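Quick one: the structure is below, and I'll ask about it shortly.
Chains: A, B, C and D, in written order; residue numbering restarts at 1 for each.
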Amino acid sequence: MTRISVDAFEALIRDQLPLVELFGIRTVSIGEGLATLRMHYDPSLLRPGGTVAGPALMALADVAMYAVVLGLIGPVELAVTTNLSINFLRKPPPQDVVADARILKLGKRLAVAEVLLRTDASDDLVAHVTGTYSIPPERD
Amino acid sequence: MTRISVDAFEALIRDQLPLVELFGIRTVSIGEGLATLRMHYDPSLLRPGGTVAGPALMALADVAMYAVVLGLIGPVELAVTTNLSINFLRKPPPQDVVADARILKLGKRLAVAEVLLRTDASDDLVAHVTGTYSIPPERD
Amino acid sequence: MTRISVDAFEALIRDQLPLVELFGIRTVSIGEGLATLRMHYDPSLLRPGGTVAGPALMALADVAMYAVVLGLIGPVELAVTTNLSINFLRKPPPQDVVADARILKLGKRLAVAEVLLRTDASDDLVAHVTGTYSIPPERD
Amino acid sequence: MTRISVDAFEALIRDQLPLVELFGIRTVSIGEGLATLRMHYDPSLLRPGGTVAGPALMALADVAMYAVVLGLIGPVELAVTTNLSINFLRKPPPQDVVADARILKLGKRLAVAEVLLRTDASDDLVAHVTGTYSIPPERD
């Protein structure tokens, strides 16, 4: 069972994570250990060369991991990223970017997730991300 | 000798990397293998819990690496991040965040840099970042 | 077409990478952008707590990436790891560990691969690894 | 005050981490949030090209982080690496490799450390490593 709905997750981040709005990030689905988010293309996301900037991709990946983790543990707002590692694989053209996140491990104290970033134009990945969230003990 | 000035770097990113403006990032100095940038505090940078959001820290670190790399190779706009790894160490209070970047290795094809993030309030690091930039061959 | 056979890869590392023998690592298969290796259990691989030591897992992952990269580019011995990031997910019991590597990107200068580590006892991952290999220009 | 001596740390790993012996790793010093270890050169550490192999460098770095963490929390054997990220900067010649580790953060549940690897021949780093150790709750 998913412990946070798309609507509840979007409400949480709308109120408390304004960057998500700045980046045009929308939650598509949150499932059991899975989440899909989409970053709507806007010229403000570009970097030199006309491709989508790395910080926008990292923001999308981080929010996607937050979605997949809260989908498993519920609205524990103070779950925080402790570590994120991204490999940029291909330059993303000026288009929407889709993030598919999945949980690799859910422990009592740490959750590890993987995020694949791609565009609609190709199955080729634009980036691969892994990250760790720390789950606060107070949630019990 | 530094191969890009603070003014030239700021002009480049003002035109071509609008995220930098969104995040309130300013270049303080670019030296020989060193760069310091500052992200001015704004409530739009916050995350649940009232601390500065991870994606804002990652954006600051990535731009700081770009500054230190261009300081060494000149205005090679198409130098791109291939990899970035961040450890979030302490929750940054709602304040400016300062990034001190330094080069770890400058090769012909890859540059590796380290970025330390801190606030003015404490010497304790809020995050430690390493990253790799790929330097395009066309620059010769 | 795979550009190095299992036998040729094993011969190369037997001669030039003695650590592989120390760790009991064997190449199971090398395919098109895929490779599977196995580290045979031996008590010398243990760490405090009686689980397989992290350095042994990292060695296995690194050699698996080498196999998948050489499978694509041929016996380019001087391809070298530039970056490796590992998340340890579960403590591996004292058993063989299997590494499934796959290529995420093969460029002219860089190859990025992912490795999943598991034991025969469970489908749960014991570790997730990503890494980058630098491909020397001289290979042309 | 350092909570584990060099002798006690060496005894612990001699008994329970045989890889350290295989790699010729010796503990030079353990201080307050600092540790220095040395890996004695042996031809079994080499990789194709005649430089020290990546897995040997990763093993040295991981043990150096273990030393710096146990130096702060005492002989908590079950502290385990959750994450390690390494950037290989220069090919290490066939010589001893020295690891200087320092703590970046010591929390109740996680410790983050940085390790710089170099040879005696040069101040240039051969690799830069960051890693996270999970500290078991049972230690109280």
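As a working rule, a contact is a pair of C-beta atoms (placed from the backbone, for glycine too) under 8 Å apart; a residue touches a chain by one contact, two chains touch by 3 or more.
Note that the structure is predicted; figures quoted are calculated from it, not measured.
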Check your understanding: More C-beta contacts across B-C or across A-C?
Key -> A-C
Revision key, fill the gap. Among A-D, C-D or B-D, the pair whose interface repeats that of A-B, with over half of its contact pairs matching by residue number, is C-D
Review point. Approximately how many whole Å separate the CA-defined centres of chain C and chain D?
Key: 21
Exercise for review: Compute the distance, rounded to whole Å, between the mean C-alpha positions of chain B and chain C.
Suggested key: 33
**Study point:** Chain centre separation in whole Å, for chain C relative to chain A (CA means)
**Key:** 28
Point to revise | Where chain B touches two or more other chains at once, by residue number | key: 82-83, 85, 87, 132
Study note, to complete from the structure: Within their complex, chain B touches chain A through residues 12, 16-19, 22-23, 43-49, 53-56, 58-59, 62-63, 77-78, 80-88, 91
Study note, to complete from the structure: Interface with chain B, chain D side, in the complex: residues 85, 87, 89-90, 104-105, 112, 114, 125, 128, 130, 132
Revision key, fill the gap. Per the touch rule, the chain A residues reaching chain D in their complex are 82-83, 85, 109-110, 132, 134
